[in-house]
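Both complexes below contain subunit A, partnered by subunit B and then by subunit C.
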Partner chain A sequence: MSLEQFKRRDALPGYIFYEAEKKPQNGWESFKRVLKRTFKGELFVGLWIVFREMIKRGNSHTLSYPQEKLAIGPRYRAIHKLLRLLESGNERCIGCGLCEKICIAKCIRMDTRIDENSRKEVSQYTINFGRCIFCGFCAEVCPELAIVHSGEYENASEQRAHYALKEDMLTPLDEFKANKQKEFKGFGALSDNADSFVKKTPLAY
Partner chain B sequence: MKTVKVTIDGKEIQTSLDRTILQVARENNIYIPTMCYLTKVEPIGACRLCVVEVEGLDGMVLSCQEKVVDGAVIQTNSKALQEERQNIMKLYALNHPLECGVCVKSGECDLQNKTSEFEVNEQSFSLRDIKRKVENWGVISYDSSLCILCEKCVKVCNEIVGKGQLKVEPGGYKAIIVNTKLEDSCIDCGECMAVCPVGALAVNDFKYTTNPWELKKVPSTCTFCSSGCELSYEVKQIGIENSKEKIYRVTNNYEYSSLCGAGRFGFDYENLVTKKDEDEFLNAIEAFKKAEVIKFSSLITNEEALLLKKIAKRVDAKLVCSDAFGFSKFLRAFKKARGKSLWSSTQKKLSQSDAIVVFGSRIKDDAPVVKNHIAMATKRKKAKVVYMHPIEDFAISNLVTKFIKYEPGSEEAMALMLLQVFANKEEMTQDLQDFVDDIDIGFLSGESSISEEEIDELKEEFWKKKRFTLVVGADVFNHPEVENIAKILAAIERYTDFELLVIPPNGNSLGVSLICDLVEKHEGFSVGYNAPADYVLSALGDGDLGMPALNQQEGTFVTLDKRVVPLNAGLEYKGFILNDIANSLGVGSTHTIDFTKELPVDKGFRSIEFDSLEVKFSVDGDDLRGYELETILCDSQIELSEPDELPSYDGTVIYIVNPASNPNPFTNRAKLTSSEAKLIGTKQFASAAKISDGDVVEFEVCGNYISRVFKIDDTLKGTFALNPTFDMGLKAFDLPIYRFSKVKIKKRG
Partner chain C sequence: MDAALIIETVIKAVLVLAVVAGLAGFATYVERKILAFMQRRLGPMNVGPHGILQLAADGIKLFTKEDLVPQNAVAPIFKIAPVIAPVCAFTAMAAVPFFPEFTVFGYKVTPIISDINIGILFVLGVASAGMYAPLLAGMSSSNKWALIGAARTVIALLSFEVVSGLALLAPIMMIGSLSLIDINDYQVGGVGSWLIWSQPVAFILFMIAGFAETNRTPFDLIEYEAEIISGYATDYSGMRWGLFFIGEYANMITVSLLVSLVFLGGYNPLWIIPGGIMILLKVSFFIFLFLWVRAAWPHIRPDQLMWLCWKVLMPLALINILITGIVLI
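Entry: the complex of A and B
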């Protein structure tokens, strides 16, 4: 598109034009329009609908919030969670540091160390929710689906800085054993047809 | 060298005939990818990634090995080359563990970079994987499953370090790198680890503590010996709960320069001072006000040396620096005799010489990187190396062509014999010629127990050699006749083919000797800056007032290459520094580095701001850091005198030397380099002192009573023992004695 075209922004041929009411040309016409609009009775149509809905039983559209909560969609990005591996129950996080690197609010920090089996271990992991903008990059970049967003959106706190440690975010073991850890379906999760994208390594032997 | 014209990627380039295609391309900012190429060693030719096409030639040529010819038309990129390189990268990635997430190299890995550069998105080769294990090589570990066999480590160990103990164990896909002499002789310099492009070689202690990209690089200079190697401190917060910074590791510009183990692993020697101690500060100022002597060690920056000089002038005190005093005498005498303030060789020139004499230094321990340059000379120029020292060093016997073992104390005689054999007498003045002709060789060889023939053989040894270098070490500086030795060495440099490379005894002894006017001794109340005294300012944290260690300071050092190189502060220092004291005494400035431009111009320094000192290397790896000290010329007067009768060194003689891995009390504070100090001696020494292996012995050196475990080393010869000083704290800097000394050894208990 050339700059000229871009600036003109003509409606494309596919648009349907709606013939709007003609603008009043003089004072008399304006007066007529006011009268017409005022005494048409449409006001009462609206009032009737509101009244009808008000007196209908069991027709509440709001939740009684603390007692009732809305189910959050899988792509909603609320407070983070660290998941455990499905079978062994070990932490999924391998400490690669990609979430820390990609975090644009710079609110993720992790300490890693070498453990007794010479493996990389995440010794501490924190997120400063006071700074987190819930962009979801961390969950998206995580190669292990270890850090995910949960549906936990109630993060009001008394202080502006609100840190979460690894213990706060990691699925507790009892919850894990009770099979309550839910697989994440949102940002960064595998799509349903992910298998079809996998190219296999040739195995000539 | 003949100049030729070549065309690379359509760009016409004038260059000389001895350069390879890759070198020419890099000089002209043309990119040729490599995996195994390392500037500081000879081309390896293992990766084949640097292939280029030359018009008129079938197939591809390796640009790292092929020299340019006149009129060559070279293409560095084409579809075929891209495919070739992509296939090479696929083979490198074959069965390479997909564990980047936990790999210590992830983020600075050549394999990661190149697989992404050549868009290796799928693997078309396959091979059955084999079981591999991780080997522990001491400070570092080797994981053969990550190894891509680029052979950089092997080449570096052989050509730079001169050990040659890493080898490729061939076997196609099963090939691995093996450390052949792991137990006895790996010196843990970490050079192999530094050049490893992947995570195969990694420091155990650094592994998994952080990701490389989180570290902040602070370019600085190693301070432990006068080689002054380039290094960077890599700094990050200690952890989530402690936001103070610490040094995680030291890296260097491995493409061009090398580091020894002490420089690479002895980095955490900082002085942790948490706050400014106002009361003690006032005491320090009082102490300075009444000081008659200011003692210091030459492990300080030039700026501090200048500050001390200014303070000394203000409070009317004398400056005493035990470890640099002998050297400053040497330097003065050398200048007067040579007509030049400094020696003419550098480490780079040393590595290009083909005839090298090492004199008066246990070079492997005194200056490991100088030893590296000797190794380069032996590997590349087939240099003959003559090692003249009372104690043979068999750890470097693969580099040394000939050991000449003279008597301790006879350095003067040895220097005269060298002069006599190698001098071009026609160029000498008549007086000097007469003197050289009249030298009583019989007397000299009697004193040094080196026969005339042995020295004459040297001349045959160096037959047809062109570039001569004489490396002079710390033994001569505290020799009683240091001034005469300096004159003889000046005569050697002037009237023989030898160029001199002098190794100053300590980190910045050269800078200190140039800046300060030192005296040997002075009575009265003394203040010590990193030296034992009545009032002590110490960076080791054991003095009256703490001072920043050298990884917490900005400043400059003078290296033995006669370059003034910058130091930057890797870590913050919270306490008072010398400049604060100087300010209270009215001679300081806002920052210590304000004095960089005030360093004495008449000694060869230049008036340059600290912030404009750069850290850089040329394409060929020439050191261009900071600036080069100017050599001051003056009239030359050589008046030599015959040596007097020497005191004999019979019985139990100890030699003060610290191991390369732990050269001073600062490295002894660092986690990876600290070690137990042992007196290491020969069997003869043990029988002469009536002690045996494992005994705790006591002896006295320069007024310090030392007790150590004795250990017999079968590779040593003579009645000697090596005595380290790194565990003596600040006293290690206050030993103004000749390095050999007779001691009485007492067995404890």
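Entry: the complex of A and C
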């Protein structure tokens, strides 16, 4: 498309023009319009339409919310979750800090330390959900698929800090053992044979 | 005046007041449900099975809400205005027969509080006096939306009153009586003798005027939310607002009764259906029509209402009277 075409703002071919009703020019024409509108019965068409909608069974679009809930899409970006490795149950997060770096709302904060096995461990991980804009960059940048968005959208709480600490977001160990950790299903999710690629990073070369 | 008549009248009055006030409350539930189904919603669902106890919840809410009187309002008028609405609506029902005569323990009961010989005039007059409620409420509120609502009340009154009066004149000319019992008895000979067949124009005109009189949707300009918040009732809360509401629904019932009595054969029995059931069916249909129209139709501007009533409906009513007069002679 050339720039000239792109800049054309008038109606392109393909638009359908609607012929509006002509305004009455004199008294006789407006009288005829009154008669036409009176006896055309358009009002009764309206009555029939709402009556038809009323007598249809199961016609309601209302979701009685606390009892019924909409199915959330797998890529829905609600409250974050920290996942565990599939077999060992260790945390997936390797403390690389990419999510903290990319976060455009600057709401992620993490602290790491070297643990007893001289491996890097995430000691603190918090997300300030007052600032989070749920853009999904953290989940996208995470090399280990450790931080993902869950479908947990009912985040009314008494305190701003709820959900935001590491222990709130991390899959609890008992839930993990009951095989209840839901894997992230969308683009960029783990492949089915992801387990076979897991190995401990060697400490010394 | 003997004591039996006084006792009978008091019992009837209390019954009408209690039953109609209850029905008016129930009509709010029915209205919500029907409007919801027509708009593909569910309506009240949570209080009781299918929300049937919503009525009680609303009552508790209205009775326990704080009674506010705005700072610059004219307090005495502001407080009295809401009472006028239901008082006029219920007073109008004094001259309306609800059911055919029946006997209880050998005592003949006429289900009308007072069969005055100017019944229909009384009903129309008192129902129109009910327009003082929105007028006084709007003017005493010291609120611009309420004031516009009050002004529109006057516009509505000036418009529909002439139409409802002239529309009813033609059937009254045929019957020769203003008593609603006489009007009902005139149509005793089955469906063919209903006045809607000989006075279809008057029927339509009176229906339109009835919608305007009850401030229902095509003519709800005095409390149309999108334009003037809640019109005259903007500053009202709690039970004072609830009184306006009861008055509006009682008015709907009165207008439905009037149309059924004057044009649709009233409480005359039809085939095997007894008269009491017939009038209930007719009134229920007209109440449903009020809600149906509210779900389906847009509302009109005040100037359109005046245009409609004075330039279209009033000439039609006059021509109707003229033709009726020529045919009668």
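By definition in this document, the second predicted complex is superposed on the first by the 132 of 205 C-alpha atoms of A that agree within 3 Å, B and C clash if a C-alpha of one lies under 4 Å from a C-alpha of the other, contacts with A are read in each partner's own complex, and residues count from 1 in each chain.
Everything that follows uses one rule, which is that contacts are C-beta pairs under 8 Å (C-beta built on N, C-alpha and C of every residue); 3 or more make two chains touch, one makes a residue touch a chain.
Predicted model only: the values in this text are computed from it and were never measured.
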What is the contact status of A:46 with respect to subunit B (first) and subunit C (second): first, second, both, or neither?
second
Could you look at A:189 and tell me whether it touches subunit B, subunit C, both or neither (first, second, both, neither)?
neither
Residues of subunit A touched, compared between subunit B and subunit C (which is higher):
B
Between subunit B (first) and subunit C (second), which does A:111 come into contact with in this model arrangement: first, second, both, or neither?
first
In the superposed arrangement, does A:62 touch subunit B (first), subunit C (second), both or neither?
second
Pick one for A:144: touches subunit B only (first), subunit C only (second), both, or neither.
first
Contact-wise, after the overlay, does A:124 reach subunit B, subunit C, both or neither (first, second, both, neither)?
first
Subunit B versus subunit C as contact partner of A:34, first or second or both or neither:
second
Within their complex, state which residues of subunit A touch subunit B.
94-98, 100-101, 109-114, 118-121, 123-124, 126, 143-144, 199, 201-205
Enumerate the contact residues on subunit C facing subunit A in the complex.
34, 36-42, 45, 292-293, 295-297, 312
Note which residues of subunit B are touching subunit A in the complex, please.
100-102, 106, 122-128, 134, 204, 207-211, 213-214, 239-241
Mind pulling up the subunit A residues that touch subunit C in the complex?
34, 43, 46-47, 49-51, 53-54, 59-62, 64
